[in-house]
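Order of writing sets the chain letters: A, B and C. Residues in each chain are counted from 1.
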Amino acid sequence: MKTILTHLGVALMSTTMMVSAASAETIRWARASDAMTLDPHSQNQGVTHTFAHHIYETLLDRDVQGTLTPRLATEWNLKDGDPTTWVFKLREGVTFHDGAAFTAEDVVFSLDRARSAKSNMRQLHADVAEVIAVDDLTVEVKMKGPSPLYPNNLTNTFIMDKTWSEANNVIEVQDYAAGEDNYAVRNTNGTGPYILQSREVDVRSVLTANDKHWAETKPAVTEIIYLPISDNATRVAALLSGEVDIVQDVPVQDIERLSGTGGIKVETGPENRVIYFGYKFGDAPLASSDIKDRNPINDPRVREAMELAVDRDAIKQVVMRGQSIPTGVATPPFVNGWTEELDAYPAVDLEKAKALLTEAGYPNGFSITLNTPNNRYVNDEAISQAVVGMLGRIGIKVALSSLPITQHSPLVMNSTTDFYMLGWGVPTFDSAYVFNDLVHTKEGNYGAYNAGLYSNPELDEKIRSLGSETDLDKRNATIAEIWKVVKEDRVLLPIHNQVLTYAMKDNITLPVHPENQPRMTSVTLD
Amino acid sequence: MTTQDSPTQHTPAPPPRPAGWLKRALDSDMFYSWRRSPVTVVATVVALALILMALFAPLIAPYNPFDPSSLNLMDGFTPPATKAAFTDNWFLMGADHQGRDVLSSIMYGSRISLLVGVLATLLAMSLGIALGLTAGYNGGVIDAVIMRIADIQLSFPAILIALLIFGIARGVIPASQQENMAIWVLILAIGLSNWAQFARTVRGATMVEREKDYVSAARIMGVHPILILIRHILPNVLGPVLVIGTIGLALAIIEEATLSYLGVGVPPTQPSLGTLIRIGQQFLFSGEWWILFFPGVTLVLLALSVNLLGDWLRDALNPRLR
Amino acid sequence: MLAFIIRRLAQSLLVMLVVALISFMMFRYVGDPIESMVGVETRLEDREAMRDRLGLNDPVPMQFLRFVGNAVQGEFGISYRLQQPVTELILSRLPATIELAFTSATLALVVGVVLGVFTALRPKSFMAAGVMGASLVGVSLPTFLIGIGLIYVFSVELGWLPSFGRGAVVELGWWRTGFLTESGVKSLILPAITLSLFQMTLIMRLVRAEMLEVMRTEYIRFARARGLTRRAVNFGHALRNTLVPVITITGLQLGSVIAFAIVTETVFQWPGVGSLFINSVQVVDVPVMAAYLLFIALVFVIINLVVDILYYVVDPRLRVDGGGSGH
């Protein structure tokens, strides 16, 4: 009570007013959810990274084509004669928001922090042995073995100021288990193009341009108001009624309406994410099936029949309203190892599918339960529902169990599903990332998402060899060999690559980012 | 209030036996009042039509929307009264995003909504009446305990209780049975999350009723408490129970829709009206209005006619209001 | 009276404890908190390590004791999702929900009572039938659909009112109010209407039913016979006598308004505790859910207490047995 009274006078003067109309430089940016934290090493999650990229910076960046570009590091290469050490040359004349200079010490500190026990970024740095500052602007990263693709892992690892972190006692990543609050969760000091002005979690955050940023071209957008709006209809309505300028997560069914509305335009582009179905391998009968003495999925003819029954083009046309890229391989085209040949998929052939099922001993089909998430991927539940119908036509009776991702994900993690849908993004742009988690036998650090428990010792060996192979041609040949087997064996049933859609006022242009991490620095205004 | 005098000159409250009820109802003022109210007649006709449509859905529906293998995805988003682009199918109320006939979906969906609504409300009502009567009549410790439980129940939004029961069910029911059990879990969840309103109202009315002379008289005469409850108190608390019960039925149907909106309803392959609305709501801005409109209208008609019937029933049962 | 209040307080405490147990139990079964905290790329061993650090591997009774001990001190830990102290989060969101709930409840009460009295006094009029009909249509639509419909009409098509958020706010100490700015008040209109419709209908129907009932009593006939004005009879006698059930229901509804706000807040992106809660449920953010449930329980317990006391004040007959040693 007392607080209210004493603060009353002061507070009334310090009224925070909403900017009622967008001035030319202010962008009101809406998306479905908010960043989970401002601590740059606490979470490995896309929405959080996207927000952090505006305040903090990484050593390397990736452009919209997916190629690595310099950011805080200007050059990077393997040390002469030492394939296990990466050398990074740092950018000169960079300062943090508080004015402190950016040096190699900050990089050493940040990489060490990112690979500490409490960091969720640490698996990306699992092969790092040591990080050393050679001089003020050179950093060496010693790896445990040859790691030819390590720089790919650096595009979401942000650099913090060592002095600032020490002064504010945030040397360690926040341990929320111990109930710790952490200064870095709500305060920032990066080198990035924008400075955080205010933040109300889940409601709005305000960022303003950093005048002292190193980039030569100043961003067109000088103020960002970031607005998480979780409900699809409300988010679209906000753009239609002119209350926001950019909507990042646009439901596919609203694209037509939005692009047909005067003053609004829509940008689309492929995302680095594939949507696929997985199923249970092994001889043990399936828990959800009426075939009690064996596992029908384990028969390659059944898997082939399933693929022949799934009409990817119809899914694209009706469920996705054209906003998807059907594929026959469980990796997006951005990824090293993808080929057009792999990407091809067979035409629907119900007769052949039925014949294959009969041949396999299931003339009347069988029953199985499909687990699908319903709030994670674009129209995930609708895709699964369509697949239920398509498989029904060859006699496979699929029961659909639809859950939010928080409840769906444990089923996949614990392999307690017979048939499931999942999406897979490839942040390293390399096939090894797919193989490690989806194809390798589930053991140790490998196969965490191999929910179907597929196991092929020959492939496992090849997959493990990818991590340390320095001859890139040889490595690519191995990748091709692995893909050939994965595709022939139908380890997974890929459906399509997702397409991203951003909608915005027509005087604004924001190109689609393949990892769905758009930068407001890339916005151009007419 | 104090002058309101004693025993019941009530028409008998709706007794459990339908045959007797029917005979007496036709003779009684109730039938007369029903005929006198055109709104009620219309409501009855609409409600009956919807109930019959739901009951006989498998016989009269043009398609079977619950059989996924009969659907053709390419029929998706066919507008009402239009022939599909790639097949010979024709949809009076259009097709939804899966190529499902909206009319057939409504017929089958109403079945599920009505089943969930009626059973959940009956569950809530019987539980609420039993506990409310017990609490109000006995008072003291029993009252305190029951009302504290009611407090606890009320302290959770119905949606939360439903989520809780869903979560527990998920832990208890084996994965292969969950789809079949979903509807029963829903009934249990909605039923258990709504009984407290009944209990509180019944208890309040019982406490007032209990103090009346005729009840005291019966008690002094040594009439068994259960008989007193059923014969004297129950008829007098039925009025408020019907007010809550009618709204409760519509509420249960709507709660099912809200649970679907939050993603824990019946499976999308066997949609209820609520699920159909949730699905249709996604197409509000994109111009496929029929996917939302027809199920929405059906739900409103259903809830409205039930509410109107309840209104009339309440007035008819309460002779003082005529 | 004092003994009665003390007893009710003790009962309330017990209620809170049971709610704590229930909410704690619930979270053991709904979703997996670890999944919500980590990215999809996190490996199994990291997950296990986190599970350990969060104490999720401890025996369940121990987890519960720890939970209650902390809750008593207003300590609900750090939100898994937002990584901020839960108590602080809830306090920062509370003003938004209270302002919304208060506005909705006032709207519901005022409009509900007025319409209820009106329809009771002129039960046969065309207007009354229209109001009753409209009210029935109103309760026959799901809240989220009403909200989206209002947004569609008033924000998208007409462009009169904002479709989401609270608009500009003024800070009075830690309390952020939207009442003092034009955009704040404008933003409040659609969510308040959406949230109040259901309660409004309930109150209206109740007032109407009670009024009709009371108007039939000899007491009112007698008052009329005494030659009192229609106005005096209607409001001085009839309306006053409908107050007991109206107080009960309105009191109970105030709590459910806060609870029902979950859906409304989600649709309108209203930055209150309800949307905080539903966002937390989706990612199984246990600390926030626990704190929210206990908060709602506390609100209800207090409301129940107040309603019980009001009962005593309004209806003296209840005073005798309720306060005494039951039957």
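Quick notes on this one:
Note that in this section contacts are C-beta pairs under 8 Å (C-beta built on N, C-alpha and C of every residue); 3 or more make two chains touch, one makes a residue touch a chain.
Owing to the predicted nature of the structure, the values given are computational and were not obtained by experimental measurement.
Looking at A-B alongside A-C, one finds more C-beta pairs in contact between the chains of A-C. Closest chain to the protein centre (all Cα atoms averaged), using per-chain Cα means: C. With centres taken as mean Cα positions, subunit C sits 22 Å from subunit B. Subunit A and subunit B, compared by their mean Cα positions, are separated by 44 Å. One simple way to say how far apart two chains are is to compare their mean CA positions; for subunit A and subunit C this gives 38 Å.
In subunit A, the residues touching two or more other chains are 233, 237, 240, 375, 404, 407.
The set of subunit B residues that touch two or more partner chains comprises 170, 281, 284-285.
For subunit C, residues touching at least two other chains, in rising order: 30-31, 148, 152, 156. On the subunit C side of its complex with subunit B, the touching residues are 11-12, 14-15, 18-19, 22, 26, 29-31, 129, 132, 136-137, 139-145, 148, 152, 156, 201-202, 205-206, 209, 212-214, 216-219, 222, 241, 244-245, 248, 252, 255-256, 259-260, 262-263, 278, 281, 293, 296-297, 299-301, 304, 317-318, 321-322, 325-327. Taken in their complex, subunit A has these residues touching subunit C: 3-8, 11-12, 14-18, 20, 33, 36-37, 39, 42-45, 117, 120, 122-123, 174-182, 185-186, 200-204, 227-231, 233-235, 237-238, 240-243, 375, 404-407, 409-410, 413, 427, 437, 444-445, 448-449. Across the complex, subunit A is touched by residues 30-32, 35-47, 49-50, 53-55, 75, 77-85, 89, 92, 148, 151-152, 155-156, 159, 162-175, 181, 183, 266-269, 271, 275-276, 279, 282-284 of subunit C. The touching residues of subunit B, when paired with subunit C in their complex, are 1-5, 39, 138-141, 143-144, 148, 151-152, 154-157, 159-160, 163-164, 166-168, 170-171, 197, 200-201, 204, 207, 211, 239-240, 243, 247, 250-251, 254, 257-258, 261-262, 274, 277, 281, 284-285, 296, 299-300, 302-304, 307-308, 311, 314, 318, 320-321.
Interface residues of subunit A facing subunit B in the complex, by the touch rule stated above, are 232-233, 236-237, 240, 251, 253-254, 256-257, 287-288, 311, 314-315, 317-319, 369, 374-375, 381-382, 385-386, 388-393, 395, 397-404, 407, 416.
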